[in-house]
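Going in written order, the chains are labelled A, B, C and D, and every chain counts its residues from 1.
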Amino acid sequence: MKVGFVGLGGMGSAIARGLLEGRGHELAVYNRSRGPAEALRAAGAEVAGTVAAACGAGVVLTMLADDAAEEAVVFGEGGMLGALPPGGVHVSLSTIGTAMARRLAEAHTGAGQQYVAAPVFGRPDAAAARRLVVVAAGPAAAVERVRPLLEAIGRKLYVVGQDPAAAIAVKLCGNFLIVSVLEGLGEAFALLRRSGVLPEQFLEIVGGDLFQSPIYQNYGRMIAEQRYEPAGFKLRLGLKDVRLALAAADERDVPMPFASVLADSLRAAVANGMGDLDWSALGKAAAQRSGL
Amino acid sequence: MKVGFVGLGGMGSAIARGLLEGRGHELAVYNRSRGPAEALRAAGAEVAGTVAAACGAGVVLTMLADDAAEEAVVFGEGGMLGALPPGGVHVSLSTIGTAMARRLAEAHTGAGQQYVAAPVFGRPDAAAARRLVVVAAGPAAAVERVRPLLEAIGRKLYVVGQDPAAAIAVKLCGNFLIVSVLEGLGEAFALLRRSGVLPEQFLEIVGGDLFQSPIYQNYGRMIAEQRYEPAGFKLRLGLKDVRLALAAADERDVPMPFASVLADSLRAAVANGMGDLDWSALGKAAAQRSGL
Amino acid sequence: MKVGFVGLGGMGSAIARGLLEGRGHELAVYNRSRGPAEALRAAGAEVAGTVAAACGAGVVLTMLADDAAEEAVVFGEGGMLGALPPGGVHVSLSTIGTAMARRLAEAHTGAGQQYVAAPVFGRPDAAAARRLVVVAAGPAAAVERVRPLLEAIGRKLYVVGQDPAAAIAVKLCGNFLIVSVLEGLGEAFALLRRSGVLPEQFLEIVGGDLFQSPIYQNYGRMIAEQRYEPAGFKLRLGLKDVRLALAAADERDVPMPFASVLADSLRAAVANGMGDLDWSALGKAAAQRSGL
Amino acid sequence: MKVGFVGLGGMGSAIARGLLEGRGHELAVYNRSRGPAEALRAAGAEVAGTVAAACGAGVVLTMLADDAAEEAVVFGEGGMLGALPPGGVHVSLSTIGTAMARRLAEAHTGAGQQYVAAPVFGRPDAAAARRLVVVAAGPAAAVERVRPLLEAIGRKLYVVGQDPAAAIAVKLCGNFLIVSVLEGLGEAFALLRRSGVLPEQFLEIVGGDLFQSPIYQNYGRMIAEQRYEPAGFKLRLGLKDVRLALAAADERDVPMPFASVLADSLRAAVANGMGDLDWSALGKAAAQRSGL
């Protein structure tokens, strides 16, 4: 399929490369700074000079940092809203807010286009290996049209309905659960260290026997070893996602006391210089809070 | 080995039966109400008429509901402190508080006896199948002496040092992490239901693909299906364990904001009639809070 | 002084009437629905048919419900940005967000106009009696120009600098402290009722002797008497203000665990049908949570 | 009246001195370390060498640090339970737990004695000036018998029923509300400092105009000036009282999310070396959390 691709950060570049290599898709790639686009030329990408130029094929994927970036690319001057042909599909892989997802859906519909939200679970290395988990929602016909793309970038595709905000909610809740594990482990390790138990020992019992989950094992090891660099996923991005989860909860009058605690813990961590560490540095924050 | 066994509730009975069947251990069992003791006679147990009678063999296991029950059995009239011979070992499988563990250790030591804390992870069905995970701590010699027993009741034995309170801390932190999952899932499901996503769908993604953990899958299914009876582990017992975790944290000046939220959520659930439901009914509490 | 006045809800009408009566100010009043504007004609107001018509005098006050209303009036078609003459001053009495305040300041400056934030403490009856407390911030010259107006509507005027967002922050923090009292009293009363103490008795001790504060006495009485209607200030507006306080905190990476608890308590109250009660109904929410 | 007085810390000494001076009461005073007792001899006190010696007059007041101290004095060897004559009255001014209050009531009743809980609001300087607020509960006849004493030590006496635990609950809830103010102010000041508003300015508006309360004004000034020494009331004692409030709430299944936040904030403050500062150092903790 011939598609545009906008947003070539770590994740975007890895996904784009995955689509190019061995999948037969043709990509016109655009990035605000030209470097990452040029880097994909060798892999077969056509470099688009503008957002509009990436929209020509009628299907365009975005992988952008946040609401503001998505807003600029879609609503800004020379943006997708004007450039995408009627009937065109915008597939956003970005983790944005549910309110923004609804706004995008409305605007694209108003412009005779279609919007599919398809946020992904996984880090750049998973993206490069086409092992992401993709959660998509949007008009049924549009989802079907882009299904080959979504199946190409991940090992698993879930379609959760026609309301794009629903796919976003799933992604935000997934990340909320992961960061809850980080806080929980952080608190437990603080108490255990204060009680003379080695975190490694606890980890073996709990990660292995009790939860039998790679998430507990991998993050548990990072916290036990106090190894928060290099960041696989920066703590300040974790705060961004918790903020979006709370905003979604606020729209629906859903109290989320755990998410509230997480927002405060993450804010304190950022305020004390941990924003660029891995988000598992919540464990470091919990330790400091306990005087460790 | 010839041992006494005090406390034949659901867990205690299952463990005692496991020790009797096919392991060659001889048990003198005692329970406050005689019924459960008699029920084990057929499996080969000798029924002890008093706590003291169960202490004769010099090694006695307890599996009791809480601090108060343990206190009565050990410090009460005719209790273990006077009845256990010098050099005798008291192995407590109960989930009690760290302060009580230290008090027991001190008192037994003062009486020329030894105390081993060996709380277990698992429910009665796991106990019956000798599939518990056992976490033990106490004087090294005492632990070695009772090791065959501890290995007999579980599929895995972890020894975490010589301070009994450390084993308790591990157990309390493990339960804290599990109940954190319940609250997290409860909050996430409330938001998702309000957002038009089916909990079952989210569960498939998160329990299966993201966490790959039976704890997420099993409890997630209970919350998704709103099936909180019969209780595998009663919510009011979950509150008891969170209370003990917070007490341990309080002794060490460790802030545990997640545990604090859990205590309040559990208290509200008990106050609103959910105390005898399964502790996964935290999901029901989260739903009600959200007006669902 | 000749001024425009936009937004004639309960507060706006009372303030406008206060300015008209006995202060010699001339007002051109505008409201989306015409009724409240006509009602002021007898008091001497000129009725403006559009926002633009209210902007003619070069100084215009707004008292609007939220960010969205303020955005519509300023940035919308026929809005203040185009209608206010160069050098004109927009004084917003509304409780909006700090981000919106910054956005307004920037836009007005860009249009050669000036923006003063002047949120007020007090309810309609205080407004009618010109007893509000006004907290203002904006360019010094603009504040001086509108000082007679601000002094006319309140019993006290505080100028807290040149950054409009600072005045907003003061207002949001003040409301945060008041709603913290409501939650605190709600929790205390729940415990006391469960402990057999009459709330009235506690109130006499704490409101009178300990705090000696009308806020504790008045709200305490409402909660003790479980009298949440008619609403002096609706609970859903309290949620709005806490949400704005948290948004301000989030911009600055300031953890505010009390504000987070308040947001969750208020969301739960709204989700359970208490949104239109007085915000002191946090006391009702606390009681229900405790099974009372 | 002739009475015994046990416990001569800062508060106890000041109260005892108040009773001696100009009120015509005769005191037999006891303290674990003899110094403070001797210091009262000049004021007319008789120095008792033991707890028992202080019990002779049949009415004895205690002002002790915590549950453990009260337990030792009453239940310990040579303690009040054996030494107080039948019909004697123990008036405890101490801030202890509700469970301990019930235990004392039961034990004294069992020994043919009576127990009155009479915790006080106020600091040593208020005690010296006989300006405390006293909250009493106990058997009606016993309260009447000691009323002259309670009226002598305070400016106001409230009797809240016959259940001693009720008086304790009132005291704990009062302190809970005060420490809630400290946390609230701490959070607000952190946000305001980050927003460029001077705490002093906010304080003038909020302490003076909004709350009109000496508690907001006095503590607000301490936090604004970051002046946490010397401690009027040590932060670790504030933690003790919040802990007791949460224990009382736990007995009644009352969720108290604010109290939970306070316990965690106070624990973090103690863990980070602030335990001996004034409890208003919650403001310091809030500032540090925000990177200030």
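In the analysis below, contacts are C-beta pairs under 8 Å (C-beta built on N, C-alpha and C of every residue); 3 or more make two chains touch, one makes a residue touch a chain.
The shown structure was predicted, so the numbers you read here are calculated from the model rather than taken from an experiment.
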At the largest C-alpha centroid distance from chain A we find chain D
Please report how many Å separate the Cα centroid of chain C from that of chain D, as a whole number. 38
Could you put a whole-Å number on the gap between the CA centroids of chain A and chain D? 52
Using Cα averages as centroids, what's the distance between chain B and chain D in whole Å? 37
For chain D, residues contacting two or more additional chains: 249, 253-257, 261, 264-265, 268, 271, 289-291
Take each protein chain as a node, join two nodes whenever their chains touch, and name the resulting shape: line, ring, star, complete or other. complete
In the complex of these two chains, what residues of chain A are touching chain C? 243, 249-250, 253-257, 260-261, 263-265, 267-268, 270-271
Per the contact definition, I'd like the list of chain C residues that touch chain B in the complex. 257, 268, 271-273, 288-291
Residues of chain B that touch chain A when the two form their complex: 98, 121, 133, 135, 156, 158, 160-161, 163, 165-166, 169-170, 173-174, 176-178, 180-181, 183-185, 187-188, 190-192, 194-198, 201-202, 204-206, 209-216, 245, 248-249, 252-259, 261, 264-265, 286, 289-291
